[in-house]
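Every chain is named by a letter (A, B, C and D) in the order it is written, and numbering of its residues begins at 1.
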């Protein structure tokens, strides 16, 4: 099971729940599973979200694999000047 | 009223143009003579991107009226390189990465050439104050000042 | 918009006097063109005075110097003997804008733009310069401090122009200086400007002095109390304090984007002292 | 990097200081920037802007303007369909199309002085100027609010009556100027403070500052009767401009071709649209090309500065200097529409440090100012300035060397970042060590001189990137990239191409392709273009090498294991080497038609694996106690580049960022009157540093390779503007003993503080 942590305001949508253990093996599955657990979260996962898998930040990477013991953080997307 | 008919010398060639009283020399160079190397950054003499030589004197072409230059000699960035070869300042700016976006570069080159013609051995202080009217937002001036001083040293050696 | 470049004073005066709408004199143009671009002014007539010989020459006259109103700062800087006689006036003219601007900007333009922050004006006033005017009624002279009445307001009558400035002869052991405060090292309008001209006797005591402050009131001030504060002294600490106090009292500044009343007053005192000390050193060297 | 690359002589160009391929055009005046493009029959466009900071637009009468001879088109709000509420990335922040259309052209209300209200296209500049003055707009003037704290107060003038604060529970039932509340929480900050022996708490204020690019915004558009649209504009992202314009004007993306001109500086400010949709709308009406160029005044009044902010910081440390807790509250101005960089501000505030308990709250607040745009590490300089100031105070309280204190708490590989995930390999410690070892750090100071140090962080990003490599008939290489070259990109990428294909640097010719010539690229921003572009080039080069190896095998009737690609040629191995000679890329190019046709590769990636870049700055300054003016005496930057593709242009990023930071710290600010109007909309009174204001900027390149990039590259463009504000504030404290908590530290403020302490005597 991957350890999944919501950073910032996302936890508000889940009524304060910020940590999950999920069996997802890709970012796409992760989003689907989170959406099923907390339907209110689903729209927030469609854009403006970055995913840090074991310390590495990915943006718009639905197909990125997630390991069984991965530590995953959901962050606001980042761009820059 | 009718436009002014002006004859001047631009980069050594005779130039003839019509302009309204309110047209600046910069307007004339860019829009009438298609010499777009001189840039408009502020139109108020505060950025130096439009620097040209007028009868051997460094000026902002945005602060000169087109109708003032009849019979006078104007040198712009387009006249800096002679024939095949770049001016030593142009070469040094390239080698020293003294430009990033490049919008201020024509003004800096024209102003730096004017400095080296007056002072073949300027101190860093003199270079910085001479060029204080040329704004650059990319480089922090370091590589520009260095390039000007290196060029001066190279030109002194000949 | 008409543009005329007469070659005689009479021609220029006639054009200006006869203008229907707003008429502007063009010297260096470093203020006029900016105001035109910004739609602040939209003159019907522009009279370029640079083709009139008297406006473009620097000549020695009765032991003093006559400077054409349309001589540029850069040209003044290259005039070795003028620079030696009036270093403060020349350095003030060369604090106006950038190298590029100094290639165009003139003493006449700097005065007639009517800004209390004009850099060359305090230096000219401290120097006791006379402005030589030409108008429909002929020529007259005005002390520079009487030319500007307030922001953008001049004592010139319709058709009248500033042709040249006369700087008086310099006795031995005399000199002048100008300092201004700006937040950057270059390119700003003076937040405070201070001009000081003084003469010493053989013993190094100040026998004559003029002190002028810019950007601390609606017009550039000639501060006689400040001059009195140092005349008869060798600019010792006590005299410096009197000078600073007099400068403070004279200030009637405003709060604006360039500085506060408090800041301008404090800095005016500091600058008048620093400027006087520079003038003193120079005078001793002469 | 794979050793099969590089030149036959083993030379590599990556890491060397090659002359930029676009350089000659830029030193001769040939290079064409935004305002240098013209088309036959072109009209001049000009914008009418609101003189009021906040006013309802009752009516706009354009009839007199339209009647003026030479006027060919006038557009107003009527010419832009309203947009549904949908968030899209713009620079570093999400922006809503509902707002984008309103910022491009005011609808119900003018929300800041300079807000576009109408635009005209005429046969000359003079006619366009006159026409704009003939447009009659009836305004109902409304009370305005400029300051962020004022804007947050209940009863403050309301900009948008449909703006309800997001991120607060329960959902507010009344609209306000607070668009969003965000929160970053790690550990239990209260418990953390209980462990602290020393706690420092401060309130800071920063002024809005403009990116200050020397080239004003400019656009040239031509729309034909069938709706096909061409646009030349100065932008950091022409594909983003295409997307915005297509959306705002209801055009097929495929019908809009955008060419990015040479760009005269952007720093984040050229990531959004201003003139572009207006020029297209005017051209569509006039059926003639329309050129629009902003004046400098318009740039200041109507294009994005970055936020001014109020920042509260509270940090706790043990007596031996370990940081145990960090709290902060950030209030960022967004300008007239939501979308300030407060989100990255909250995430960056404590990023340089290993702190167990962190709690940062941020507010995104609208007020009657121009909508902010990205500016170099958006949001980070503001929050990190506040934290670095407090870190300095903690060092002083504990009598610890400020570098030692930072070293003790520095984030390193494996540290859990204050915004959540663990860091990979990073170089903060290395930059601190580099500064500590520098001769600068060890030189003595005199009275009224001060020395300050501060560190800074930025994430960096990758993103969607396409490049194409074409092998020409003579073996030279054409490189096409789609991210505007804002400061040496072509030079950096050409070095990578030369090394990947083993061809000489001067045989690579780079261009920036238009949106019709190359696949999608995200914009130049987030310090991504050299990072992502070089990754995409490696992909494209792989395709070419594989193709050449395949062709060689066919020609030589050999197996792949009998050949290798190295030094710019396919070489036969072993016995085969007796029979055939190596074939260079040029050999293949000559006969390409006979071996399968043109040779080339296209790299299409969504670059991931961006490595954060940390930097540490060291500054000496001297204060004139009688005038309050600070002079920067000496400056040193140390920053982690991962791997510097072109060291000179990396140094240039460090030096330029430092000087922008000097301006931000000392003199730059938007000054508003009580009338809500900007008083310093020009380079005369918006005081950016000039050459005589600054010393040489020593640049130390630290290289801790980014393992996720084939060359180890990290983005370098943004981090350099993060540390200067804190470093200079710390140097001011060191020089005067006074902690300045408000930027800019301009002479009037400094003198006032010195007077209050009776220090204003030399």
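Operating definition for what follows: a contact is a pair of C-beta atoms (placed from the backbone, for glycine too) under 8 Å apart; a residue touches a chain by one contact, two chains touch by 3 or more.
Predicted model, so just to flag it, every value in this text is computed and none were measured.
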Most widely separated chain from subunit D, with each centre as the mean of CA atoms: C
Which of A-D and C-D has more C-beta contact pairs: A-D
Rounded Å distance between subunit A and subunit B, as computed from the means of their C-alpha atoms: 55
Inter-chain centre distance, subunit A versus subunit C - centres from mean C-alpha coordinates, in Å: 69
Separation of mean Cα positions, subunit D and subunit C [Å, integer]: 44
Mean-CA-position distance for subunit D and subunit A (Å): 26
Where subunit B touches two or more other chains, by residue: 20, 22, 43-44, 46, 129, 131-134
Contacts with 2+ other chains: residues of subunit D: 211, 266-267, 295, 683-684, 689-690, 692-693
Contact footprint of subunit D on subunit B as seen in their complex: 20, 22, 30, 35-44, 46-47, 49, 76-78, 80-81, 86, 90, 93-97, 99-106, 109, 124-125, 127-129, 131-146
Complex contact set, residues of subunit C against subunit B: 1-3, 5, 26, 28-30, 33-34, 36-38, 46, 48, 50, 72, 74, 97-101, 103-104, 185-187
Residues of subunit C defined as touching subunit D within the complex: 37-38, 181, 183-189, 191, 256-260, 262-263, 266-267, 270
Subunit B contact footprint on subunit D (complex, rising order): 17, 19-20, 22-24, 26-33, 35-36, 126, 211-216, 262-267, 293, 295-296, 486-488, 646, 648-649, 651-652, 655-660, 682-684, 688-694, 696-697
Subunit D residues touching subunit C - in the complex, by the definition given at the top: 295, 297, 626-629, 631, 666-667, 671, 679-680, 683-685, 687, 689-690, 692-693, 746-748, 751-752, 755, 760
